[in-house]
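Please find the structures below.
Both complexes below contain chain A, partnered by chain B and then by chain C.
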Partner chain A sequence: MFEAISNNPYRNLRAPRVGLRRLRPALPALIFLFVFMVVPLSSLLLLSVTKPETGLGNYISLLGDATYARVLLNTFIIAALVTLVTLVIAYPVAWLLAILPSRVSQIFFAIILLSMWTNLLARTYGWMVLLQRTGVINRALMGVGLIDQPLPLINNLAGVTIGMTYIMLPYVILPLHATISGIDPAIMQAAAITGAKPRQIFWHVMLPLSLPGIGAGCMMVFVMALGYYVTPALLGGTSNMMLAEMIAQQVQSLLNWGLGSAAAFILLAVTLVFYAIYVRAIGLGRVR
Partner chain B sequence: MLLNLNRMGPGRYVLYGIGVLTALFLLLPVAFIAALSFGSSQWLQFPPPGWTLKWYAAIFNDPRWVESIWTSVKVAFTVMVLSIALGLPAAFALVRGKFPGRTLLHAFFISPMIVPVIILAIALYVFVLKFGLNGTFIAFVAAHLIVALPFSVICIVNSLEGFDESTEKAAIVCGATKAEAIFRVTLPAIRLGIFSAALFSFLASWDEVVLGIFMASPTLQTLPVRMWTTLRQDLTPVIASVSTLLIALTIVIMIITAFLRRRYAR
Partner chain C sequence: MSAQAPLVNIRNLVKHFGSVAAVDDVSLQVGEGEFLTFLGSSGSGKTTTLFIVAGFEDPTAGDVEIDGRSVLSVKPNERNIGMVFQRYTLFPHMTVAQNVGFPLMVRRRSKAEIDKAVKEMLDLVQLGAYAGRKPSELSGGQQQRVALARALVYKPRILLMDEPLAALDKRLREDIQQEIRRIHRELGVTILYVTHDQEEALRMSDRIAVFSHGKIAQIGSGADLYERPADAFVAGFIGNSNFLQGSVVQSQQDQVAVRLDDGTVIRGNTRHPLAANARVRLMIRPERLALAPSNDQVDQSLDVTLSDTTYLGDMLQHEVVTAWQQRITVRTNDRAAASSAGNALKLHFASTDVMVFEDGNRATA
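On to the complex of A and B.
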C-alpha cells in the first residue's frame, strides 16, 4: 500500500496552492523594498510635517512664497515645453520610420538606441561643450554669418530644452512608431477613394488614429521631465531652476530637510496624479 | 497613400529632411565627444589642433578615476546578482500565484520606476545618514538595487508568462522533483529573460547618477559620481575620454544583444 503511494508518478504534482503561501517567494523582494523604499519615503513625509516645527508650515511657505512658487511654475513650463518640442520632432520621424523600408529604418533605430543607451552624463557633457559660448555651434553660426555675437545657449532655458529634448526623443518616437505602424492603410485608402485630400486624410484620419501613441509618449516625457535633475542642473541656469534641483539644494546644501521633503512630496503628488491619468487613459497593461 | 512612400508625393521629402536632421541631432553629441577625446586641446577646441591619447592615459594614471571605475563595477555586479536573486522568485510568485492583491503587488514592484529618482535619493540620503551608512558599499548597493529590481521583475515576468507551466508539470509527472523541474526545465527555458534581467540590472546600476550623488562620500564614489563632481568644476577633456569609453561599451553591448536576439529568434 505504501509502496503503491511512493510509486505514484503523480506524487510530486501537488494540487495548485491557493492563498498567501504562493506569495512567499516574493517576500525577500517585498521586505527589501519595504525597508529601503517605503520606510525612507514615509520618514521623509514625516520630516516634511515635523521639521522645523510640527504642522503644514513647509507646504504653506512652498506654495505661498514667490520664489518657491516660481520654481514650481518653471518646472511645469519647462516640462511642457520639452514635451511639445519633442512631439513636434518625433511625429514626423515616427511616421517616416513606419514607411521606410526596414533596412533603412533599422539603421535609424540603431542610432536611437545608441543615443538612448549612452551614459546620461556623457550626453550632457557633449551638449555642455557644444553649446558653450566658444562652442562649435556658436562658431559655426558665426562662421556662416548668421550671427555676430555668440548666442547664450547654455545655463538658460535654451540649454535645458535642447538637452532634455535630446534625452526624451526616443521615448516619444518609439511608442508613436508602434501606433503609426499599427494603422491599417486601408482606412486611409477608403478616405482617399471617397474623395478626401491628403491634408484632410492626415487631420481627420491619421492624426486621430495616432492619438494613443501621442498620449502615451507625451505623458511619459512630461512626467519624466517634471522630476529631472541632472540635465537641468548642468545645462540650466539659476533663474530657471527646476523642482528637483531645488529639493537637492534644500536637503544637501542648505540642510533644510523639512522644506526639501515637503517639496519632494509636492513633486511626488503631482507625478502620481499625472501617472494615474496616464493609467486611466491607456490601461495598466500598456504601462508594463 | 500617406503610409506609402512611393505614393506620397513631394511631402515625403519633408519627412526625409526631418529624418536626416533628427538622426544627425541624435548622433551629434555622441560623435562629437568621441572626436574630442582624441583632440590635444585642453580648451576643447574643435576641430582639434592635433591628436593625442593623453586624456586616456590621464584616466589610468589617476588612482581616483581607476578606483571609481572599480567601485562602479563591484556595485553593479553585486546589484545584478541580488536583483536576480530577489526578482526571480518574486516573478514566479507574480506569474503563478493566485492571491488577492497580485496586481497591486506587481505595481508595487515596478513603482521605483515611477517615483522620481531625486525623491528616492533624498529619502535614502536622510535614511542612511541616520544609520551612519553614508559613503558605504552597502548604501550604494541598496540604492541601486531599488531602481534595478523593476527591470529584473519585468523581464522575468514577461518570459515566464510566455512559458507553458504544463511543460514543468510534465517533467514532474516523469519523476522529477519540483526543484529539479524548475532548475532543469523552467529556468533554461526562460534563460533569455533572466539574461536580459541581469543585463538591465547591471546597466541600471552602472549608469545611475542621482542616487550615487547622494550616497557618495569623498572616499567612495562610483564612476558617474566622479564624472558629476568633475563636471561641476570644469569641462576637462578627461571626461570626453571617459565618456568615449562608455560609448564604446554601449556599442559592444548593443552588438551582443543584437547577436543574441538574432540567435534566439530562429
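On to the complex of A and C.
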C-alpha cells in the first residue's frame, strides 16, 4: 500500500506538506522572530492589560478619552494625506521614468535611491533648515517679494506632510514604475488609434492598468506613515501629534507603560486590518 | 485600381532611425476599398510605413495624404483609422463588449447606440456569445477577432493590420484570413495589411507591395509578382525558384539568349533590354520544369542527373544536379517521370518560363 503510493508518479504534484523537517532551514529566522518579536510583543500585551491595574482600562481610556482619540484620528488623517500627496507626486515621476531612455532613467533612479539611503534624521534636519520661519524657503519667497510674512511651514500639518511625503516618495515610485513599465505600449497606441484623447487614455486605460502598483505603493506608505516617529516629532506641532509620538511620551516621560503598550497594540491591530483588506482586494502576489 | 483619386497617397516617404534608413523613398497609392498588402522580411520597412500612416511615427521626409489632404499634422486619435496590432492589445480590465464599445464610448455616443453597434460587430466576427468575457478568457484567435471588431466599430474608411495573425497557428490563421476577406467584401473597407508570409499575402490581397531594404521592390497583383517579377529579389521572394548564372549572347526586345557556364544556350524573357555579354541570372519555377529520359528530343533542355525524389502527396519533388554540380528543384505530378537516383535525364522547359534578370548584387532572400 505504502509502496504503491510512493511509486505514484503524481505524488509530487500534491500540495507539499509543511512538516517540521521542511522548516529546518528557516530555523534561525524563526528563533530570531520568536526572541525579538513574539516575546517582546507578548510582554507588551501583558503590560497593556496589567498596568497600572488588570483589565481593559487602558484601551477604554485610549478610545474613550477625547485627547487620545484625537491623536488616533490625527494619525489616520496625516497617514492618509501623506499617502495621497505622495501618490499624486510619484505617479508622473514613475511614468516619466518608464518612458525615458534607460540611460537617463538610471540617473534618476540613482538620485532616488541615494536619497533613500541618506540618514533619516539628517534629511529631517535638512527640512527644518529649509522650512523654518527664517529658513531658506521663507527668505527666498520674501526676497522675491511674493510674501511679506514668513509662511508657517514647520511645527504644523504642512511641515509633517512635506517632510513625510519626501521620505515616502521612493516607496510609491518604485512599485508604480514596475507596474507602468509592464504595460504594453501597444495597448496605449491601440487606444489612441480608436480615437481616445490622451486624457481619456489616461483615465480609462492607463490608470486602471496601474492600479496594482498604486495599491502596493499606497499600502506601503500608509502603513509606514501610521507608525512614523522621527519626522512628525521634529517637523510637527503639538496640536497634531501622531500615535508613535504619544507612545514615546507615555513610556519615556510619563513612565505609563500600560497605556503606551495599549496604544502600540491598537496601531498594530489597525495595520493588520489594512493589510488584510489590501491582500483581499489585490492579492498577496502583488506586494513587492 | 480605378481612375478615381486614390484614398491613400504615400509620396516619397523617408524615415531614418539614426543613420539607418528604415523607409527609403516609398511612394504608393491605395484605392478606395482596396486590400493592399505590404510584404517583406523583418526590417524591410513595411511596418514603419504602416506606423507612419497610423501616425505613431513621423516621417523624416515625404507625405501621407488621405482623401487628398496631408495627415502628417493630424494626431493618431483624430485620423479616424482602424488598426489591429501584432501583439494582443485588448484592454485587459474590460470585457469583450467594453473593449468593442470603447471607441464609441470615447466619442460620447449614447449607451443604446453603443450596445447596438457592439452587438452588430461581435456578430460580424462571430463572437456574440463572448460579450461578457474578459480578454484573458479568450484564445489568441478570438482576441484578434475582438480587436478587429474594436477597430471597425466606428466605421473607419481605412483599416491597418500589422501582422495580426503572426502569433497564431496555421489552421487558425487560415480560418481568420478567410474571415478577414469576408469582412473586407461585406464592409468595403480599405485595408492596408502587413505580413512577412507570402502565402498569406497571395491569398488575401488585391495588390501586394514587396518591401526590401526600405524600398518597394515591386507592387502589383499576386499573379504579376509571380509571373512577371521585376527583379531577381522579387522572383526569389515570391514562390519557389531556381536560379542559374550565365551571360547574354543576344538580346532582342523581351527575348534573350543566354549562355550558361558550360556553354549551353538557353532562350528566355526579360523585362528590360540587356547588353551582350552582361552577366545575368535565369529563374525558372520548379513546377514549370519537366523531366524526360535523356535520349528524348526536346525543344530546350539541360542534361541533368537525378539525385533525390520526395513524395509530397499531391506532387513529386525531384532534386537534380547539372553537369557543373548545381542543384535544381523540379516539381511535377507526372508520376511516369519517376526514375531512380543517379539516372541521366533531360530537364526541359519553355523559353516563356525562363525569366532573365540583370545580376545585381542584391540578396535573393
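Keep in mind that, in the parts below, the second predicted complex is superposed on the first by the 251 of 288 C-alpha atoms of A that agree within 3 Å, B and C clash if a C-alpha of one lies under 4 Å from a C-alpha of the other, contacts with A are read in each partner's own complex, and residues count from 1 in each chain.
Keep in mind that, in the parts below, a residue touches a chain if its C-beta (ideal position, glycine included) is under 8 Å from a C-beta of that chain, and two chains touch if they have at least 3 such contacts.
Nothing here was measured: the structure is a model prediction, and the numbers come from that model.
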| item | value |
| --- | --- |
| Combined model on chain A where chain B meets chain C, clash or fit | fit |
| Comparing the two partners chain B and chain C, which touches a greater set of residues in chain A | B |
| Which of chain B and chain C A:Ala196 touches, first, second, both or neither | second |
| Touching partner for A:His204 - first (chain B), second (chain C), both, neither | second |
| Partner chain in contact with A:Arg133 - chain B first, chain C second, else both or neither | neither |
| Chain C versus chain B - closest C-alpha approach in the superposed model, Å | 7 |
| Footprint overlap on chain A, where chain B in one structure and chain C in the other make contact | 189, 192, 198 |
| Complex contacts: residues of chain B adjacent to chain A | 1-5, 8-9, 11, 14-16, 18-19, 22-23, 25-30, 32-33, 36, 44, 46, 85-87, 89-90, 92-94, 96-99, 103, 105, 107-112, 114-127, 142-143, 145-146, 149, 153-154, 157-158, 169, 172-178, 181, 203, 207, 209-210, 213-214, 224, 227-228, 231-232, 235, 239-240, 242-243, 246-247, 250-251, 253-254 |
| For the chain A and chain C complex, residues of the former touching the latter | 184, 186-187, 189-198, 200, 204-205, 208-209 |
| In the complex, chain C residues that touch chain A | 54-56, 75-83, 85-87, 89, 91-93, 102-103, 105-107, 147, 150-151, 154, 160 |
| Chain B-facing residues of chain A, complex | 9-10, 12-13, 16, 18-20, 22-26, 28-30, 32-33, 36-37, 39-41, 43-44, 47, 89, 92-93, 95-100, 108, 110-115, 117-130, 132, 136, 166, 169, 180, 183, 185, 188-189, 192, 198, 201-202, 206, 223, 226-230, 234, 244, 247-248, 251-252, 257, 260-261, 264, 267-268, 271-272, 275, 284, 288 |
